[in-house]
Structure formats: structure tokens, C-alpha cells
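In the two assemblies presented below, subunit A is common to both, partnered first by subunit B and then by subunit C.
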Partner chain A sequence: MFGYCNKVLRINLTNESYTIEDLPEEYIKKYLGGRGFNMKRLYDEVSPEVDALGPHNKFIIGVGPLSGTLFPGSARVNFSAKSPQTDSLGDSNAGGFFGPELKFAGFDQVIIEGKAKEKKYIFIKNREVTFHSARNIEGKDVFETQRIILEELKDDRVQVASVGPAAENGVKYSGVFCNLVRAAARTGMGAVLASKNVKAVAVRGTMDLKAKNPEEFMRILKEVDHDVYNHYEYETRKLMGTTKLVHALNEAGCLATRHFQTGRFEHAEEVSGEYLAETYKKKSKGCFACTIPCSRFYEIQKGKYKGLKSEGPEFEGLAGFSSRVGVGDIESSLKAVDLCNRYGMDVISVSECISFAMELYQIGIITKEDADGLDLTWGNSDSVLELITKIAYRKGFGDVLADGVVKAAERIGKNSEKYAMHVKKLEIFQADPRGLKGYALGVAVASRGGDHLRSEPSFEFTEDSEEGIRRFGAAESAFRLEYKGKGRVVKFFEERSALADCLNVCKNTITNMEILPFEQAAEMLNALTEYNFSKEELQKIAERIVNLERAYVVRCGITRKDDTLPERFLKEPLPSDCGQSAGSVVELELMLDEYYKSRNWNFITGIPTIEKLMELDLNDIIKDLY
Partner chain B sequence: MSAIIKIQYFGTLRLLYHMKEETFKLNEPVTFENLINAINEKNGLNFLIKSPHLMFFHYESGEEKSNQLKFPKNKNIYIKSGSIIKIFNAMTLG
Partner chain C sequence: MYDLKVVVEEVKGFCDMPMHVGDYFEVKGGKIVIPEGKYMCIWALQSMMPFLPAKQRKIDEENDWIPYTERLCCPDPNGMVIYRIETIDPLTKEVIKKERKEGDTVKKRMLVNEDLCTGCRACETVCSFNHTGSFCGENAKIQIRKIEEEGKDIPQVCRQCGNAPCIEACPLDALYKNSETKAVLVNEDKCIGCKKCEKACPFGSIHFSENNKPIICDLCGGDPACVKRCPVSALTYGNAGKKN
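Right, the complex of A and B next:
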């Protein structure tokens, strides 16, 4: 078959068996790939009522039609399940090499069910599955785990997706890690895999992938490569990856600083992507088949952390363990990110939980005694590092933080919930929503909770009035501090992001750089597969997935009242030192109305209307919502 | 009369030019366009002209803190002596 393997692997851990099923054609035509496949499977097979850490939850791995081809950035893989962190929709994806390898092993999707009787790792090789004891790697960190599995399997081309000790200890925001540092860490997918007594999934494939019309596929691919190389962001992404954002957001006055107390960090230069590249960067690195080597290897050659070398970090980790916790020492920030990678935890959630504790310490809600004697003064990097380890092993105060910021606030009490920076129980990123109104809306409505990657409405940085009018009917839509048009901007970029996640292509390329318009994506898929997609059909697929996800979270109890932001962003203006962002709060309701209108969702409940569901051929789920 | 204008580089320009800042001495009156041309002439790469639409220029002079300029839209704006211009790359998240 062309483009797809047309096979789904279903693994039953309880009796260590597996079956291979045909991929339903409906999946391809209506959900395209990766995230779309996983969301359909989650909706159909995982009831919102199941215990996320129980045997009835399912751990689902999905890749898309471009996975394993030479399309730049097509290295992503989606891991999905009901989330133990948010009690709702769980989904996260990672780059590296695992996704393409799964395709070479002959599968579009893997469903892992039940629970193993003892700790195991699963090895998938060319449509065959074996179960291996993982007793010798129990409790090992991500790096050690992956090294040992490669040694055991005697094949260094095996790709491993594993969890670290944090997941095994039940940390709710633990992730699945590929190629050491490639983290699918949002929404606690690592905790789900570990709850099934699975330490890792290893995969090796040597099977062919075929294109229906290889010449045409390569012709379009060359066009795409040309667009990537000639894009105005190419050089920047190659040099710094996402770490360019430290300076850029700081100057815009919306870099998360000391837990969003301000948007300007006085040590931004010392923790910037530029400084990292100038001082520590050794070389660039890219994912499978990518033309933008946006990841970087670094090494610290002297001082307290001499010898520390790793890959990355991305902006979220760098800012999370610098500005967000008030640390101006980049080397300790690199150490913090390295610890999170080794323990297998989400840098956004960890940095939120720690900065939340630091703010509570600052205002006297918690004391040194509450925090196991740690001095949680802003900028105390030793305390940050110690707390990361305490969280991973659920020791002392770390246990309070290990279930996420919402549960931590419940345990601490004393009105601390108002300081918890989350949406729908998922901790939010390192940019201050008050200075980015489109992102604020995107984070408020995202299906998996406080998440910028479901939309990435970066159009609002362009400041191009004419484009704003042409594309979204409002000049204001092109300006980050304006509101008008943002509902339409977020809708559009949610659908671009859904397309990226279904093709399993990096959002840096498809969403931020807007490479591969819907029309070109259809041409490419028509050259690759035996199907005949149109631009309109791809847009409809993307919209269908957003609505299916909304239906799932509605079944989990989410309504319009949950599409909101922490009180600070709605009521406390950014301080006067935040440049153009100074004085800003988020006026969310008007943007929400515009968003619901463009989505055709009920204004009061936030539930997709019956008319919209029928338009999207989602008639079968109407009964679940009405 | 000469105008002294300090340029601070961030993002791609800083890494490609291998410097954080430099000072330009230009004959008054200095328009924003004159300044961009002077930077390109000195440092090459033609980066500012090639992709100006997503370059961010923050203009700080004595009384005007952090005004944002766009090129070529604001090309005829006069830049005061003693001012600082910070140049950032396109800002998209990720």
C-alpha cells in the first residue's frame, strides 16, 4: 500500500499477546494519520470514566502518511491515552527517529492494552512482537534505559521510547522519551505507560514504504525543501532553535518571570539562546529527514557542572528553569533540564510546580519547614535542582508537587489555588498570555488543557495590517496586543496544527513557518497515497479532529467555564517595566465569543452544535453530547 | 553634524555578525532607511533588506522608550543621535 502500512498492532499486556488488524479506510479518509488516528481510537475505545492509571486505559501510538518519507520534519510520533494529569484528553508528540522506525516496522498505529504482570519492555520488529523482562532497568533513568536496551538487542539502529523513574514513581506529568531527550512529556503519557508495567517500547523496521507516484512526490518535496531553505526563519531556527525566544519575549515584555509576576527578566542576556549558542554550543542536530537542524549539542567545560553535555534545550526548558524561577545562571538551568530529561518529566509542568512553590514561599503561604528545609527564594538554583529530584522520587515536599499544580494547591490549601498557573489542570508555558492575546485564547481553549501547541497562532506577531484584513478580516489580528480577529486566527492555526500532527510533521515547519499550504499538502498526499484528497477535504479533516477532541473533553465534563485562564492574567496588569505589554491583562470573553462563532459551538456551553457535527460527518457522536 | 547611533543585535544577526552591538556614525539627518543601508553595507548578508517584514526594531531615544519600527514602512523616520536600536528576529513560538 502507498503512504500507509494499513496495519494496526494491538498488544494485550495482560496475557502477553498481540494481534494485527487492518487500518480501517474510514480512519484514513476522515482522520488522515497520527493524532487523528489516535483521537478517533481514544474516543471510540477509552471511556472518559476509566481510571487513567488502570488497566482499562489504552496507550496509543500513532504515525502519519508522511512518516518515514523524506518530507522535512516528518519525524513526529503521537502518544495518546486518557491523561492521569488532567483526567481528560491526553496526547503528546515527540521528534527524533522513533516515528519513522515504527513505519518501517510496518505499523500506522499501536494500541497497548491491559497491564503486564511484571516490568517489561516491548520490542516490535517488522510486524513481530516480543516481550522482554525489564527488571534490570527498573528505576533506571531514560539515558541508561535506552543504552541498556540497545545493548541487549544488539542493534544500535533500534529506536526506543522509554519512561524514566518519575513515571515509575507515578509522577503525573512524566513523559515518554525518544532518542534520550525527545520528549512527549505533556499530559502524563509516561505515567500511563508505566502504570501498565511497561518501561519502554523498542522498534526496528526494515520494511519498504512506497509512493504511488514517486517522481511527482519528489518534485513536490523539492519545492517544499526550497521553501524551507528560503524561509526568513531558516537561519534563526538552524542557529538557535526555539531558544531565540528568551530575548525576543523578554523584549516584548512577556517572558514568564518569577512565576508571571512580571514579563521582563533582568538576567535575560545571561540565559538567552544567543549566549547559549556563543558559549556552549558544539554542533547542530536534526531529526529524521529534516532540513532544519534546529537542535543543538552543548557542553559545559568548566565550573560546578563541568562535563555536562547533552542535546537541547528548547525554549520551554531554558526559560522554565531560568526566568520562571528567577535563576540567572544558565549552567544550572541546563542542569535542571538535563535532570528532567533523565528522570523523564515535563519541563513545563515541573517548572510551574517549582515556581508556584517559590511564590507561595515568597508570600508566606509555605515556609522552609513545609519545603523540607529548602530555601525557596527566587533564584536559588540549588533548591530548584534538589526539588526536581524530590519530585521525581516523590520524596517529602516533592510528593506534594508530583501530581501537578492543581493537586498541589489542593493539598497546600490556604487559597493557594489562585497562584496555580494552569488551564484544565495542565500547566501553562513560558510566555505571559497578557502580552500575546491570540496565544492567550489558544491556551484557554486547547483540547488538552493549558497548551500553546494545539494552535500556535504566531500570525499575531507579523504586524502586517493588510495581511490581517486579507486573511482574517481584521487588521488587528496581526498584532499581538489586539483582540479583533483572534477567534478566527486561533481556529485557523488549530487546524494547521491538527494537519501537522496528522501528518506527524514538526509544527515549527507547518504551523510557525506555514510551509505546505493545505492545497500543496493535498497534492503531496495524492502523489504519495492511493487516495485523492482536496484542499477542502484536508481542512475538513483538521476541523473534524478539533471537534472530536472537543466532544471527548465535553464528555469529561469540560464546558465554556473551563475555557479560561488563571486569575492573574485576567485581573493583574503586567508591570510598568514590560515595554509595550505594560498594563496588559487578557479580555478573554470577547475573543471566546468570536472563537465559538467561527467554530459554530454553543456560546453558553461551548459544545459543538448538532449542525456543525453533522457538517463534519460526526453524526455518530451527537448522541454522546445531546 | 554627525549622529551617533548604537545598534544592538539579537537572534540571527548577532550570531551571523558575531557581535552584540556596534556604533554607527552617520551624517545628519539620519533616516531609518539610511541606517539600514549602512548596516547592510558594513556587515553584508543583506539580511535586513531580504527579510525585513519579520525583523523587529526597537527604537529607544531619550524620551521615546521602546518604540517599535518596521522596515520599510517607517523608512523615512528620523533617528536621533544618541539613540539605541535593538534588532530582533521574527518572533514565533515553538
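Right, the complex of A and C next:
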């Protein structure tokens, strides 16, 4: 196996059987890896009309050519299906060790179809599959599930991707969790797996994965190492990982605070990554083969949460359960993230649903009685923690929030939908789009809904006018509060992110740090695999994937009118205490025009033009759109 | 067991006991003998006490630094009394002098700091890639054992023990040390796969391949790739307490 395993595993749960198929060469040449493979499969095999929680949806696992190699952070794995949360494209990826193990077990992709008659977990070992009863782990949390499966299989090198009780209770934003806390949390992939009566997928691989030209591979890896170790963000990332953003975004005046009522949190320093690193952090942790160990293991030594220890959290969980809900006590934020991990839920969606409820409580749309007697005043951490459990078990008011913020607003009524912070039914992250225009555009157009990880246009933090002009034709493109050039920036970074997700390498490295330019990526793949790629081909593959995803969501009914942001970001300026971001709203339409233009999509409908689809060799999907 | 004679060799600072150059005591078997009418400073004595039984050992391990260590200093920073420890054969009463030979330096070892290990398995991956051409860490000569709920990542790799228990445990002399690096190597033709070495290893660092042969770190011939790949220096190749 040189980079690719060239095999696809297709599992039929209904009759507990499996087949092994060859990976079509077209997949490699046109879709490269993990996310590309999954999107192609989803497009071809899961029609947009399918019931996301029914047996005809397919749960697809994909890894890429760099997965399992020495490339730093070659750890990611994509889980894709039609999303029960957004009724559209579902795709989420996680780090850890599951992806590489799947490669060593001999597969580039796994397709899970049908529905098991009773609760099962699947064990894949070196191209063989066994089905195991999961009756004894039904309803167990993610941590316990992994512990029991490792004990049963008597092998602690087995990697487990499992769902928690939230998924089994049908929480729409439940995820798939690897290595306890490595969450593929977005778009409800956990709910899909649980709907198939599958509690977990365990994998163990000992097969050889080689490089076609090892010396050349190591030569390029040495260059990559040099770029990584000399990157100006290296030390910060190693110390704090994404948690560095609490302080940074608060300084910028765009840290999601009290459900985006403002962008500055008065307790930000007490819940910052810096504070975490100085206090509770015990050591750095890393995903598979990563030389930028950005994750952390922490332990709380005393007080109310004494003994709480875990890996994490990342920025989204930390800010989601501190600034977003007005909690200035970092220990309860850590507890909240830990609960979400154990129940198996997405911290972004959970924190949105809770902060949404807290805002409704503040303005009187809901009362204590509506919320099962919980006092939902900003900063009430006990209520936050209790609500997390209520959501996971769909108890009382938790049931109202468990289908996502859009459905919650529908059930609550009273014009509450304008407070629902989502795009295309997916809740948005912990940065205020008003202070980050490129991210605002990225979130508005992202194929899987309100999501920043489809683009990550962090270039807009660089404040380097010359680079802005050189790379994106506008000095403004390098400044977060400016608009010009952002359409092109987002397009470029959507393609960088697609590249990362297809190689199945971490976006911190490929997208944010911009390690491995397209040209070097091509060189590396040519040394690793039996295929030949050029820089231009890789760029085209990335663009093709973005367009294929767009075509899928268009078939789900998405048009330009859905490429928007919640009203607050378009109309209410950020308050005066938000530093440079003060007074900002997002003027989206101009950026959208520029984006569609650079994408060659129809300005009115947002559908890729026939010309563009043909240019990208996507002729076969034209009939679906026109 | 050797006897010892501990002699004040030099007083560099100011000793108010006072100890004088030439003062001494003897260690004979399990007894400390102080010459009639003389005495010994208790602070200096207590600081060197744990070391004395070690110096009495007769075993001559590889990589053993104790035979070469002959001088100890009183812990009082103002005193700076230097004691010389002479090793004496109890039968012949001769002073045993172990001279360090040219190039006879203390060998480097694989040093592991579990508290720093991030558990990323880059070491496994590069080890396997260099030795087998495959990225899959299954047959890597270093293995990371993980206890995820506790956040524990334990690198399991050969530490080049002086009196290697694995070599002693092997009934067929299939294990031996490389004379240069002191890495434990396997003579696969002799090995019968009894796994006694695996059980003997105090670090759990030996595991068996599918063809039932032990997989043990060979130090990549003296320049271990895993050490170079580790981003947090959880693995180092050198002497404890010294920078490389």
C-alpha cells in the first residue's frame, strides 16, 4: 500500500454482512482523499430526499493519502452522511488515532448501510469485520464505552469511534468521538450512527503502509519540519493550541459574549488559554505523529470539581461554556466540556442552544417555569451544567433544545427565531462575525452550514498589506475589519481546507499555518503514492470538491438567500466597548458578490454555472442542477 | 565486598569541626570504624552514607560509573572538605584502583520522561518506517502505551540496562550487546521464541513480532531516529543529568 489502500469496505448492517470493493481510480484522481471520497460517495449514493435517520442514509468514513504517515498531524478522519440536524450535507472530522488505524487496517473508505436489528458495535481488523453485541454498553457514556470495548477485545491498541447517550437519545447535534475527546461533533453524525443501532466502530490494523519513494518522502518531510518548527505560531500553538483564541479574540473585541450581545468578556483572562496553561495544564498532548502537540491534559486538584481530569478543551468548548454563557469560572467551563464529551455532543451547538435560552430568559420570552425551574441568568454555571444533562437525555426543557436552535425557536415561538444563531440550521462558533469579515463570509457560504472550518480565512489577521495585494489583489484582504478581497480569500482558504480534509491532515497546519503549499503537496504525494499530481491538479480537485458540495446542498434546496448570517450580525453594531471592532456590522452582500464572481457561481441563485462545472469535469452533475 | 577507607584529601574552604587533611575512617564489612581518639563530622558522614554500600559492591557492570567515582564533597558550601574514598581488598589489604581507559566513557542511553510524552506515536512511526519501510507502528522497536483516561503515555523502549535482565533470562544466548552502542541485539537464528526476555524486562520494552521474535531497540546504530522525531524531548539519548 503506497499512500492509498485502494480498498473500500461496505458494511450492510441489516444482514450483518460486508463486501470489499476496489477504490475507483476516478476517486483518487478527481477527489484525492477522505472528504473528497466521502462527498463523492454521498453525492452518488445518498439522495437529498433520504430520511437522515432512516436506514437509507449511509454513514461514510473516509481517510486520505497522508493518513497514518509521518506527516505532522496526519491523524484526521472524516465521518459523513446526510445530516439530521441540517437536513443537508453532513460531514465532520476528528483527530486522534482512529484514521491512521483504519489505514493500517487496509481501507481508504468505509460505508455503513442499513440498520442493525439490535445494538451492535463493529470491529474492523485487517480487512475483516466482526459484529459484536453492544447490549452491555447501551446508553453508556463515551469514556465507559471505549473502556469496555478495549477490555472485550483485549487489545489496548484498538481505536474506537463511538457515540454517547446523547446520540442514542436522538440529540440532533450528537457526534462521533474518538480517543475519548476527539470529536467529529458537527452536523449530527453521532445521531446517524446511533439511528443504525451502532454504538461504536472499533478498528485495529497491522498492515504495511509504505512510501513509493521513501528517501524523497523523507527529504520533503524534512522541509516541512523546518517550516513547522520555524513558524511564528509554533510555540503558542504548542503551549495553548486553539485556546489561545479566548484572549486574542477578546482583545480584538469579537469574542462571542452572552450570546453575541457583545464582543468583550470581563472575565476573559480568567478563562483564557494562557490561564489554563499556567494552572490546570499537566502536559501537552498530540494527535497521531504530530510535531505540534497543541492539545493538553489538565487536572483540577481541589474544590467543587476536584479530580476532574481530561484532555482538552479546545477554544470552541472553552469559550462556549464561559463567555458565550457569561460564566467566568473556568472550572465549571471545563466541567461543561467534559459533560459534552462524555454524553457525546457538539460543544458549539450545545453552547448555542443554552446561550440562546439564556438570552430568551433575559428578555422574558421564556420564564423559569418554561425551563423546568432553572434560573437561566447569565453566568449561572449550575444551570448550564444541568441543562447539558437535560439535553443529552431529552428531559423536560432539554428536549426543546435537543433538535438544534432552529427547531427550538420553532417550538418556543414568540419571534424567538431571530435570536437563533445559525446558518443553514447549523449553530455558529464562538467568534463574533462582525469583527472578522472574512470569517463572516466563510460561515455564510460554508457547505455544511454555520461553520468556520470549511474556510478558516486566518489570513485576515496578518495585517500585511503587501501580501494582501500580492495574493488577493487588495491590501484590505489582510485586515479583519475590511471587506475588499475577502471573496477571493475565502475561496482560497476553502480550497486549502478541502486539501487538508482530503489529505486528512490537521487544518491548524495546512490552513492556518499554511504549511505544505499546493506545489509541495503534489511533490509529497508523488513521492508517497503511485499516482502523479501537479499543483494545478490539486487546486482543481479542491475546487471541484467545494463545487460538488455546493451542488449537493443546492439539491437540498439551498440558494443564495441561505448564504446569510443571523440578523444581529447584519444589523446590530458591536457595542462601544469592543475596541477596534466597536460599531461593526457585517456588510455581507458585497462580499458575497465578490465570492460568487471568483467562484463563477450564479449571482442570483448561487448555483455553480455550467461553464464552471464543465471546467471542473463535473459534467455528470449538470443534469441535477439544471 | 570491598572495604573502604575514606580520607580527608583537601579542605578547600573553612571547616569549623575542624576536619584535617589525612583524617579518615574505615568501612569494614557492615561496620564503620573510626580510629581511636579521632572523630568524624556527622554532616559530611550522613551525606556520603548512601554511597558507601554502593562503593563496596564487587560487581563490575557495564556502564557502571561508581568504580570511577572517588571523591565526595561535604555539603557545607563554606566548608568544601573533599573526601577521597579508597577501595580496599579485605584479604590483600591492597588499594584497588580502577583507572579510566582512553575512550572508556560512560555510554549514552535512551532516557525517557513519561511526564513529557504527548502520546503522538511519531517515534513509533519513524522507527517502523526506518526499520521496515512501513509507517504502521506495529513492529516498531518503541511502543507507546496509553491510558487515555489518566492522560498517561508511557514510552516502552530498551534502556540498555547495565546488567540486562533480558540477556540473563535468555536460555540460548540469543541476546547480546553491541560492543559500541551497548544496544541489545537479537540473534534470530538462536531465538526459540520462549519470551523469557519479554517477562524479564523491567520496563516492558520487549514485544514480539508475528514471526515470534523479540523486537528490541537497536539505537539505530547510535543515532536513534525516534529521539530526533520527538517534539517535546520526552525521549533523549545521552547521560542523565547531562545536556547532550
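Side notes on the structure shown:
Keep this in mind: the second predicted complex is superposed on the first by the 625 of 626 C-alpha atoms of A that agree within 3 Å, B and C clash if a C-alpha of one lies under 4 Å from a C-alpha of the other, contacts with A are read in each partner's own complex, and residues count from 1 in each chain.
Basically, a contact is a pair of C-beta atoms (placed from the backbone, for glycine too) under 8 Å apart; a residue touches a chain by one contact, two chains touch by 3 or more.
A quick note: this is a predicted structure, and the numbers were derived from the prediction, not measured.
Legend: residue contacts after superposition of the two complexes on their common chain; A:Ile469 is shown touching neither subunit B nor subunit C. Contacts of A:Gly286 after superposition on the shared chain: subunit C is touched, whereas subunit B is not.
Of the two partner chains placed by superposition, A:Leu308 touches none, neither subunit B nor subunit C. In the overlay built on the shared chain, the residue A:Leu209 is in contact with subunit C alone; subunit B does not reach it.
When the shared chain is aligned, subunit C comes close enough to touch A:Leu180, but subunit B does not. When the shared chain is aligned, subunit C comes close enough to touch A:Phe297, but subunit B does not.
Overlap of the subunit B and subunit C interfaces on subunit A comprises no residues. The part of subunit B that touches subunit A in the complex is made up of residues 10-12, 14-16, 20, 47, 50-51, 53-54, 56, 58, 65-66, 68, 70, 86, 88-94.
Against subunit A, in their complex, subunit C makes its touches with residues 115-122, 125-126, 129, 132-136, 138, 145-146, 148-151, 153, 210, 229, 231-232.
Across the complex, subunit A meets subunit C through its residues 68-70, 72, 97, 100, 104, 143, 146-147, 156, 179-180, 205-211, 214, 238, 282-293, 295, 297, 299, 309-311.
Those residues of subunit A lying in contact with subunit B across their complex are 232-233, 235-236, 239-242, 244-245, 247-249, 251-252, 272-274, 277-278, 314-315, 429, 431, 439, 452, 456, 458, 461-464, 507-508, 512-513, 579-580.
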